[in-house]
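Each structure below appears as C-alpha cells.
Below are two complexes that have subunit A in common, paired first with subunit B and then with subunit C.
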Partner chain A sequence: MNNIKIKTVDLSKWYGKIIGLNSFNLEISSGITGLVGPNGSGKSTFFKLAIGSLKPKTGQILVLDQNPWMNQKLLSNIGFCPDYDNLSDEATGKEFLDLVGGLHGLKGTSLKTRINEVSEIVGMKDELYRKIGGYSKGMRQRIKIAGSILHNPKLLLLDEPLSGADPNVRKSLINLIKSLNENLGHDIIVSSHVLYEIERMTSKIALIYKGRAIASGEISDIRNLIDEHPHNIIIVGSKIEELAKKLLEKKYTISVGFQDDRKKIKVQVSKPDEFFDNITELITELNCEIEQMYSLDDNLEAVFNYLVER
Partner chain B sequence: MSEITNNITKILALIKYSTRKILFKKRIIIAFLILLTVIAVMGYAGAQDTDRLTTGSDLLGMLVVWFFMPAISMIYGCSVIRDEIEDKSITQVITSPINKIYAYLSYYISLTICLCLMNIVIITLGFISFFAQKGIDGQAISIYTTFLGLVILGVFVYSSLFLLTSVVFKRPIYFGLFFVFIWEGSIGTIPGSIQKFSINFYLRSIGSEQLEYIIINQATDIPTSLIIILSSIVIMIILGSIIFNRKEFP
Partner chain C sequence: MAIDRIKYRSWTGEKSSHFRRVFAIVKSIFIQKIKSKGILIILIIGFFLAHAFPIIFGALIPHEELTAEMMVADNFFSYLKNGFLVLFTILLVSLVCSDLISQDLKDKSFVLYFSRPIKTLDYLSGKIGGAIVIISIFTFFPFIIYCLVIIGTQTGNDYSGSLGILGKTVIVGILTTVFFVLYGTMISSFTKKKTYAGIGIFMSFFVLIIIGNIFSTFDQNWILISPINLLFYSYDIIYGIEIPLNLNLNIIGILLSCIIFIPFVITFLQTYKKEVGR
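Coming up: the complex of A and B.
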C-alpha cells in the first residue's frame, strides 16, 4: 500500500503577480506532518490546491494518488479545517454539523450518532445547540475540527488550527490533534507559523518559505543539516575574555562577539561537535566560572531561520 | 441506486440550510418593507373611487410583477452565492463530495423557493387589501391567478439570471441594479423591437394574452414567450453551473 498521502511535483500557483507556490516539491507520508512557514509562505495555497479549490498553474499535485482539481469524490476521504472563519454566526453548532454531514451523504440516525461522537471527541457536546455567534475562538476551532472529522476522513488537513487561541486552548487543541492520530488513526497535515507548537505534535515537518518547500523530514534530520553549518552559542560567566581569546585560536571558531558588560560572548562555530567536545577542557584549563551556555540554534525556530536564510 | 440516494441527501441538506439562511437573514426586512408598501398602496387605492378591475390589475402589475418582484429577485439572487464566497462559508460546500453542479442547482432551488414564498405572500396580501374593499369575484380571481403565475415564472427566470451573475461578477449588485432599473425598467418597456431583449416583455406578452388589462405593443404569443423564457432559464442554469464547477475559490 502506498504510504504517500500527498505528492507534489514542480507545483506552482500564482495570483496575478503574487506567487503562492513556486516549483513546490514535497512528499507527505502517513502520521502527523507539520507544515511550517511564516505567514504568506504558501501553506494555505498548498491546502487549497490539495482540496481542489484552486487549480495548479503548472506542475502536479496528487492527494491519495488522485488529482484533486474538479474531483469532488476525493473529498469524501479528506477533512479540511481552514485557517479562516467559515462559520455562519446565525447557525447553531448542530445545524452546522447537520449541513456538513448532509453534504457527505449522512442522514437520520447515522448522522445523529456521528454528531454525538465527534462533539464528544472535540469536547463540544454541551454547546451544540448554542448559536455559533456566541462561541469563543477555541469553541469555533473545535466545531470546525468536528466538521472536518465528521465523515471519518482518511486524511485531515488542518490549516493553522491553533491561531488566535489562548494558551490553554492551544494545549487542549494540540492534545486533540495528537489523539485524532493516535487513537482514531487519522493521517494529519497541520500547519503553523509557530514552530514549537508543531514540535509538540509531531517530529515530522516540512518547512515552507516563499512558496517553496525548503526542507522536510524528521526534525532530527533537519538538525543534522544545520549541524553542518555555522552554529551560534552564547556563553555567560567570569574570565570570559580569556575564553574568547582561546576560542579564537581554534579552527572551528568563525567569530566571537562580546555582549552585556563583557560577561557574555556569542561564539559562531563551523563545527559544533568539535566545539562541544573541546569546550569543557578549555573551561577547566582557564578556570572559568560558567553561569550559562546555550545554543541559539537548538530549537526549531533557529533551524527554520537558518534554512530559510541559506 | 445508493449513489442517487446519496446525491439526493446532499442536495436536500444544502437546500435546507440555504433556504433557512435566506429566510432568516436580516435582509428579510426588505421583503417585509415591500410587503407593507404593497399593502398600503393597494389598500389606499382600494378605498378610492376607481375602476375595480383596471386599477387592481394596473397596481398588481406595476407594483409587484414589473417592479418589486425583479428587484427582490435581484437583491437575493445576486447575494445567495456571492455572500457565501465573501464570508467564506462556501468552504463547507466546496470541500464536500457534492458535485458542484448539484450544489449550484441546490442554491437555485433554495432561491426560487424563498422568492416564490415572498412574492406569493406579497401579491396575495396586496390583492386582498385592494379587492377585499372592491369585491372579489371570478374576474378578480382571474386577475390574481394570472399575476400569480407571472410572478412565479418571473421568479424562476430572474433567479437564474441573478444567480448566474453572482458567480460571474465580484460585485453582481451593480449589474443587477442596471438590469432591473435601467434595462428592464425603461428599455424593456419602450416600443420597438429592442424590448424583445428584456424578460419583462415576454412576461407582459403572456399576461396580455390572458388579461385585457395588460397592454403591450407587438406582443408575442404565449408558446413563443414560454419557449424563450424556459430556454433562457435552462441556458442560464447550465451556464451558471458550469462556471461554478470550474470556479477557483482562493
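Coming up: the complex of A and C.
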C-alpha cells in the first residue's frame, strides 16, 4: 500500500490578490506529521484543499491517492477537526456526535455503541449529556476530535487543535493525539504555529511559510539544514567581555551581542564545528568563568526561524 | 488518558447511506427547534388562536358537509385566511428559519457538514426538511385535523365532497409549508445575523403587502407581489373558487412557480458560492 497520505505538486491557491498557497510541494507519509507555520502561512488553506472545500487554482493535490475536489466519497476516509469552534452551544455532546455519525451514514445501536467508544477515547463519556455551551475549551476540543474520529477515518486532519487551550489541556490533548496514532493507528496531520507543541507530538514535520512548504522530513533531516544557516550560541558567565572581543576576531563569527547586564552574550557563527573546537581553548586562555553555554539551534524554534529568515 | 487499546475496535459500519445522512440533518434541526422555548410558545399560543377556536366552532356550528367556503371564504368562519393563522405562521417561520443558514455562515459551521460525505443539495434538503417538519406542525397537520373534525361532525351524507376538500387541503398544507420554509431559508442565506434574517422574514411579508397595495392602483396584478396575497389566491384556485376577473391567472402561475423554485435556487447558489467551494 502506498505510504504517501497527501501529495501536492505545485499546488497554488489564491483569493483575489491574497495568496493562500504558492507552488506548494509536499509529501506526507503515515504516522503523525506536524504542519508548522506562523498564522496566515497557509495551513488552514492546505487543510481546506485537502478536504475538497477549496478548489486549487493550479497544481495538484492527492489525498489517499485521490483528488479531493468534489469527491464526497473520499471524505468517508478523512476526519477533519477545524481550527475554529463551530459547535452549537445549545446542543449536547451526544446530539453533536449523533449528527456527525448520521452525516457519515451511521445509525441505530451501532452509532450509539460507536459514540460510547469514541467518547471514552477522548475522555468525554461523563460529559456527553451536558450542553456544549457549558463545556470548557479543552472539552470542546475533545468533542470536536471525537466528531472527527467517529467514523474511524484513515486520515485525521487536526487544524490547530491546541489553540487557546491552557497548559494542562494542551498536555492532555497532546497525549490524546499521540495515543490516537500509537494505540488506534490513525495517520494524523496536525498543524500548529507553536513549534515545541509539535515537537512533543512527533519528530516528523513540514514547515510552511507564506504559502510555501519550505522544508519537510524528520526533525533530524531538518536539523541538517542548519548547517546552511548561521548558528546562535548563548554564553553566560563572568569576564565575558574579553571572550566577546576574542570571538569577534575569529572568521567563523558573524556577530556578538551582549544581553542581561553584560553577563550573557549571543554569538552568531557560520561554522559551529570550528567554534566548538576553539571555544574551550579561548575560555582557558582568558580564564573566564562560564556558567552556561548552549546553542539555540538545539531548539526547533531556531530551525524554523532560520528557515523562514525571521 | 482515556485510551484503552483492548476495548477499541474499528468501525466497520455502513458509511454511504444517502438518505440517512440527510435524515441526520433533519433530525438535528427538529431537535434543536423543538427545544426552543420561543418556538414552543408561538406554537402553543398560535395553535389555540389560529386552530383550536376554528376547530371547536366548526364542530359546534351545524354544517352539512366540509365546503371550500369554510376553508377560504372571506368571512369570520374562514379557516385558512384568518389573521391569526397568517400572523403566527409568519412569526413561526421567522423563528424557525432565521438561523437555518445564517448561523452556519456566522459560525463557519458549513465545514461541519462539508468535511463529511454530503453534497450541497443534501445539506439544503436536510435543513429545509427539518424546518418543514416543524412548520408543518402548524401549517399542515392542523389543517387535516380541522377537516377531519368537520367531516366527523357533518350532518349531511355527501362524504365524497368533503373528502375532496380534504384532499385539496392536503395540497394546500404542503404548498403553505413548503412556500414559507423556502422563503424563510432564502432570507436566512442572505445574512450572517439571525436577528436580521428573522426581522427580514417577518417584515418582508408586510412590506410586500404594502408595495402591492400601492402599485395595485395602477394594475391590480401588482397585489400578487405580496406572497400572502399570492398564497391566498392560490388557495382559491386549488379549492375552485373564482378569483377576481382582473387578476391574470398566468401571472399567478408564474409567480407561484417562482416562489417555490427561486428561493431554493437562490439558497443553493448562496450556500455554494459562500462556503462550499471556491
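One rule holds in what follows: the second predicted complex is superposed on the first by the 305 of 310 C-alpha atoms of A that agree within 3 Å, B and C clash if a C-alpha of one lies under 4 Å from a C-alpha of the other, contacts with A are read in each partner's own complex, and residues count from 1 in each chain.
Here is the rule we use: a residue touches a chain if its C-beta (ideal position, glycine included) is under 8 Å from a C-beta of that chain, and two chains touch if they have at least 3 such contacts.
Source: prediction; values computed, not measured.
In the three-chain model built by superposing on subunit A, subunit B clashes with subunit C.
In the superposed model, A:95 makes contact with both subunit B and subunit C. Of the two partner chains, neither subunit B nor subunit C is touched by A:255. In the superposition on chain A, A:66 makes contact with neither subunit B nor subunit C. Of the two partner chains, neither subunit B nor subunit C is touched by A:280. By the touch criterion defined above, A:176 lies against subunit C but remains apart from subunit B after alignment on the C-alpha atoms of chain A. More residues of subunit A are in touch with C than with the other of subunit B and subunit C. In the superposed model, A:58 makes contact with neither subunit B nor subunit C.
Under the contact criterion defined above, the residues of subunit A that touch both subunit B in one complex and subunit C in the other are 15, 51, 53-55, 70, 72-76, 78, 80, 82, 84-88, 90-91, 95, 98-107, 147. Listed in rising order, the residues of subunit B touching subunit A in the complex are 6-7, 9-10, 12-14, 16-17, 20-21, 24-25, 87-100, 245-246, 248-250. Contacts from subunit C toward subunit A in the complex involve residues 1-5, 7-11, 13-18, 20-21, 23-25, 27-28, 31-32, 35, 103, 107-109, 111-119, 275-278.
For subunit A in complex with subunit B, the touching residues are 15, 48, 51, 53-55, 70, 72-76, 78, 80, 82, 84-88, 90-91, 95-96, 98-107, 147.
Across the complex, subunit A meets subunit C through its residues 15, 51-55, 69-70, 72-76, 78, 80, 82, 84-88, 90-91, 95, 98-107, 110-111, 114, 117, 120-123, 125, 147, 150-152, 172, 175-176, 179-180, 183-184.
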